[in-house]
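Here come two complexes built around subunit A, the first alongside subunit B, the second alongside subunit C.
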Partner chain A sequence: MQTVFDYLFIIALYFAVIGLAFFFSWGASWVFRKLSARLQARRGPPAYQPIADIIKLFGKERFTPALSNKFLYILSPLLALSAILILSFMIPPGTPLWPGPLAFDLIVILYFSVMFSLAFVIAGWASGSTWGKIGASREVVMILSVELPLAIALLIPSLALARGGFSFSLSITDVISAQQGTFIWILPNWFLFRYPLAAIALFLTLLTKSWMRPFGDIPEAEQEIFAGSLTEYGGPLLGIFELARLFRFYVFTALFVDLYLGGGVGFVFPFDLLIFLAKCLVIVILMTIVHVASARYRISHVFKWFLTVCLAFALFSLIRVLVGF
Partner chain B sequence: MQIDKVTAPEYVVPLGPFHPALLEGEYFKLKVEGEKVLDVDLKLGYNYRGIMKLAESRSYHQNIYLFERVCGICSAAHTTAYTQTAEMLGGIELPDRARYIRTLIAELERIHSHLLWAGVGMELIGFKTLFMLIWRDREHVLDVLEAISGNRQHYAMNTIGGVRKDIDKDMIPKIEEKLKLLHKATETATKAVLEDGGIRARTKGIGTLDKEIARKICVVGPVARATGMAIDVRKDDPYAAYDEIPFDIITAEGGDILSMAIVRLGELVESVKISQFCLDKLKTVGGPIRAEVKEFPTGEAVGRVEAPRGELMYYLVSNGTNIPERARVRTPSYLNDYALLFMLPGESLADVPITVASVDPCMACTDRMCSVTDHRIQIHKTGTLRDLSKSFR
Partner chain C sequence: MIDPAIIIIVLYLAAALTLIGLRVKRANDVISILATGFALLAVILNFLLFPPWISLPGILGLDFTVNGYTNLIALIATFIGFLVVMYSIRYIEHRKSSYSVFVLLTMGSLVGMAYSWNLFWVFVFAELATITSTFLIAHHFKTTSLEGGIKYLIIQFFASIFVIVGLGLIYQEAQVFGYAGIGVFSIEFLLTSGILTGFIGKLSLFLIFLGFLVKVPSFPIHTWLPDASTAAPASISTLLHAMMIKVAGMPAFLILLLFYSFFISVTFWVVICSLGVLTMLVCVIIAFAQDDLKRLLAFDSVSQMGYVILGLGIGGLAITYYSLSADSLWLVVAAGGITAGLFHLLNHSLFKSVLFFSAGAIEHETGTRDINKLGGLLQAMPTTGYVMLIGSLAIAGVPLLNGFTSKWMIYNACIAAGQPAFALIAIFTSALTFAVFLRLLCSVFLGQAPGTYDKVHPAPKIMVVPSLILAAGCILFGFLPQIALVLLIFPATVVLLPTAIPPPMNPLFWVSLDLFLLATLLFIGLIVGYVLYRIKGGAQPIKADEKTMPFTGGALKDPYLKVDEARPASTVFSHPFKPLLNGFRRTHTGLVNFYIVWFVLFALLLLSLLFVGWI
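== the complex of A and B ==
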């Protein structure tokens, strides 16, 4: 029998997770900026910089370009922010005790991750700028190439549950608890070790979805098309977009850690949470190193890479799961 | 069932006059279909400063400072060309030591210019890290130039009849140390450009300039050498001390952006060698650094040097006074920029910035003269130089 207090507790928990996501993203964003600066022989910004940038934008004048579709121009940042906020409390912070909102998390996560990218497409088209349109068309190509390997790589752990003696489930909490124990020798029973190629495919797609080079920053390549979709944005609307983009540091790393690195499994609260955040930070650092050490490819390369190499990795793992070897 | 062929709509994309990829004002009118560039139109003339007209009202010595400021990156090339032309007019022989110092400064400037180009190129293909590292290493050569001349950019070393400052004996080992660091940095940059898959994917076969077209539109400098033409004023028409310095002309076949990068990076190594040769000579060769300057008799002279971007030509007309009657500057970018009209069509929009940068355009040099009629800017074609200068008097 659930009382009203149980519901209130769950709502409070969601807010707590969004707060956690925000503060982790802030810190991870700073680590990303500072580390890439140090690797590039620069000094890098102070710790408050990621949030100071956003606060500054909210203090500026709001305007809509004359050629824009006003409704969609204002709607798309809100769409992006709501999509990423929903994502950030859909993904459990590492602990199997997290009362997952739905029994089919992964499908909803896939849906909202596409919606998040689509918000940028809408923004580009609605802003009425040539550069925005080019950015939007590049974003569409990104969605078309990235989402298929992403979907397969996301679903592999949940399909693999049935292989490991669990019942099939699309809930991330079930996936986390299935990763308890050891796999071979001292290797933990993470899906990273069981399906390494799928893990690589997921890492590449999440890297790209977080605007990291070599592929991720093509839709907003500043030397080519200014800011792509966001060229005409400024003031609070750009602030909302930047806030939404800040959450990528939590959402996309947490997804990888939960599905393939076992979340915080094997520890009791609050240590599982800390272990989970530490793993997320490691992924952020890895992503930063890849980002710093690579040049930007062309959009045609994205299509080629993700629909051949990355998709092949994901499909191979899928066949392994289905056939069982 | 018949499916109609779907074609992307055509847009006109305005690249410039102000764009993150362009360091100076220039305007590319790109007609694109989707991401593919169909047609290009180029407009220059946003940086017109009237320098050549200004030169006609200043004395020969004042003009050194004026021409130093034609371009911020190749300031020494401009003064070398100018003083050399003035020396031809006045029949002045350069002392040996001055020739070596002039060559040294010219080569150090080439190193700094090519490293700057490499850094900008890396930034334009999104490789920010290599951009930062190359520019960090570029500081070495700027340090050397600052130690020699007191300035990082406008060195003010050349004067008519020689150079203004001597290089101390105890400064030479420090410069040699920095040259070693530069050599190492060059090797690292070359290795990165040749081996990194991302850089190759973005530069190989992109923005290809056909050799025949290159010859037809008279491209000069590294752009010409990247298409396989072994032209270099330093070898073809030696000035300063280049006639006695052994060095190779670096050429590459292909004419794409990778070839241009290979040519420039190869020239870095050669420049370090030439600088080392000059330093060795400076240890032994003594004597004055400046010849006496007498008057400039009536006449005209053409001097040319190999600036970092290619052949730079100066033309001076003297009427016997201390003020030149006519000064004309023809910069390398003036020729190389038009190669872009042949390089850009057919490329993807993503490759436009790096293709534009691959010819190393220097707008401040190039925008020599323009006239404004009915708010439309037209670039004049030069007819006979003397007639033209008379018509503006």
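== the complex of A and C ==
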């Protein structure tokens, strides 16, 4: 049990981490847009553009569509924002020195990522639009497809620490600190090199979770269903949704970097943060290239792909962890 | 301390009284409420006042024991029973006069079963409860309900055969005959005297376990529960799901865990855990295909009992490791697994009652249970809708509701016991449960109402109040699970474990999961969002008019709305599972003979493992 002072400290830290996540996501979002524009031989937007888009939305009028359920229509963007803020707070910025009570385990992170998707499903159905419903049901199929490979790939690093038996830890900080040292020759001791197939599976699932092609933008495919779940949204509520979606550039890349790329381990305070952010940026650039280079698949392909190829990658690594080679 | 015999006698007497007052319906209601209220208060008093362990010198050789475990089970039975009686006042207004009689008799038998510490009396009370509840299931006396009731009765009696054979073997071992010999079946006596030895002892306990496993229910013999609960009125379905399967099913695991020295085998416990995992996965996939609201809930119930089996199985596995290695850290894992299983048992009776009460309210107001025909009910029945939303999210394991906490504890116990594969399948099942309940919520409460349900009224207050109480429990145990764990669950774990570990020493208990902090942060996030939403002054919310009708992308209004009818939620959500579902559909024929053949094959398989010596 914590004292009130501890709680106040944690809340202050919460806002600090959110600030960091916000500014990183802003930058990463600009890199994403600029880079994909350059890859498509366009000029691309200026650096203030991602945030200007959101601010513009907050200046618009508030309204609720006639066929919507008012309470859930307003609640779901707030829920999405709240869930992604907690997620960005629970994933430590590259350092294993994260205050004790905040070391929430990987299962909690997994469940909050589902909660984030839940907000979009409820939004689609509460808005009373057909496109919203189609988008929402696609979102559910995506959750189902991604969940099993994602769970396995998230847990593999911590299972590799424990190898069964009693002394186990699902804490993400233990995973970060276990990646110190070198693996073979000069290769660092990252889980990327120890379990490469699991890393690929996690990369694909996170790509999908952050609305990147080839799978990620199926629930909001513009040419087919307009904006999917968010078709009926506009004004400040859409702004909140866009703000929540902005944080994906931080949350999902940070998760990958912490689990498989060693976070910022091996450096002292200001540098470990910088190294961590640099690694995150590399992942963003990688994701952008995949996004631009690929076309959109059909929703049934997602189900097939993730529950065959991606699951096979994850299961192979899981068997390696359990058998211990 | 109140003698359980008094509670049972009061409930039976009340049943007799309602028999006298058959013609006066209100009198029956008053008597039922008073009797069940007394039973609930008595069990709560037992909780507050009980010394650690009391065996009562009973009347007629009735062997009641008041301890943490029996109290927990009796609390579930009386609490849900009280709410069921309250709910029935308005739910079945044109009921047969025998309704209250059988409800009270069933409740009395279940309380007797909960408190009995003697295998013979557990069996007798189980049979009494089975017979009386059959009349409740067949209450409407229509073809379907009679069919459901008879199926239920046949399968339950079939299970009893196993229990009787097991009890007979014990009787034969003890070589004591006559009525006085009933004392032989006392759990205390069996544990201390050592008359159960070797293979016959193991076989008898195993047969009793198999018999009670049917009542849990577990995977190959789960089919009676959906049939029975679809045939029964919703209040009786609640009684079946939230009381009956808990009280009548738990003796199976009580036997396994108390007599753990007969089952020191890693294979055996891995088989039990796999049974739990199979139960949860298969039944949740079948639940996808269901269009009947109550049938969907029933299959999901079986799936949730899979979590309970998994938690308790992990507890047994850890006890086995402890017996083999004498490393006391395994006891911590065992305490974690058993605590998690029991906590999920309690949680399941909370949220499943919410869901069945709401399903009953929907059927009461609209006259249908087909989720494809329902829609947009959130406007017409807001309280029921939001309560059902809470129940569904809790059962799906959304954080900060009680289902999440117990599932989290089960995953942790699995991983600590070195069985992460079980945890991963359980996580996947949780995602599937989430999709099943989103499908249910979306098609029943959200979307557009079909024209026929324009004039639906909210359910009567007395039908909503029980689910409100239970939903409040879901939220409370969600972010302050310590209350339930310390007050209710841990005393029960202490009974089931050979050596108990006090809560602060148990690392699986609440370390690293400060749910209160998470709730605070979530609330801060919501506030931040709301401030952002309201930040701009001046702009007024605009009124609903043509401008705020759904965006159609230029399509005409009528064809556009047709899209909705062409693709109802149920087909979209279950589409990916089509081939698998067709396979399952072929095996669920509805023939009771077929189901019994399954069970015989399953029992033969397990028994052959026992004879070969793998278990």
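Operating definition for what follows: the second predicted complex is superposed on the first by the 305 of 325 C-alpha atoms of A that agree within 3 Å, B and C clash if a C-alpha of one lies under 4 Å from a C-alpha of the other, contacts with A are read in each partner's own complex, and residues count from 1 in each chain.
Note that in this section contacts are C-beta pairs under 8 Å (C-beta built on N, C-alpha and C of every residue); 3 or more make two chains touch, one makes a residue touch a chain.
Values in this document were obtained by computation on a predicted structure and should not be read as measured data.
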Subunit B or subunit C, by number of subunit A residues touched: C
Partner chain in contact with A:Phe226 - subunit B first, subunit C second, else both or neither: both
Touched partner set for A:Glu61, first subunit B, second subunit C, both or neither: second
First (subunit B), second (subunit C), both or neither touched by A:Gln40: first
Partner chain(s) touched by A:Leu8 [first = subunit B, second = subunit C, both, neither]: neither
Which of subunit B and subunit C A:Ser137 touches, first, second, both or neither: both
Which superposed partner A:Ile86 touches (first subunit B, second subunit C, both, neither): second
Which of subunit B and subunit C A:Ser300 touches, first, second, both or neither: both
Subunit B versus subunit C as contact partner of A:Pro77, first or second or both or neither: second
Common interface residues of subunit A - those touching subunit B in one complex and subunit C in the other: 130-131, 133-134, 137, 226, 300
Contact footprint of subunit B on subunit A as seen in their complex: 36, 39-42, 130-131, 133-134, 137-138, 213-214, 217-218, 221-226, 292-301
Residue numbers on subunit C that touch subunit A, as the complex places them: 327, 329-330, 332-333, 378-379, 397-399, 404, 408, 411-412, 415-416, 418-421, 423-424, 427-428, 431-432, 434-435, 438-439, 441-442, 446-448, 512-514, 517-518, 520-526, 528-530, 532-536, 539-542, 544-545, 548-551, 553, 560-561, 563-564, 567, 569, 572-573, 575-576
Complex interface listing, subunit A residues touching subunit C: 2, 7, 10-11, 14, 58-67, 69, 72, 74, 77-79, 81-83, 85-86, 89, 101, 103-105, 107-108, 110-112, 114-115, 118, 121-122, 125-131, 133-134, 136-137, 140-141, 143-145, 147-148, 151-152, 155, 159, 162, 164-166, 168, 170-171, 226, 231-232, 235-237, 239-240, 243, 300, 303, 318, 322
Residue ranges of subunit B touching subunit A (in the complex, touch as defined): 11, 13-14, 19-21, 34-35, 122-130, 132-133, 136, 196, 198-199, 201-202, 348-353
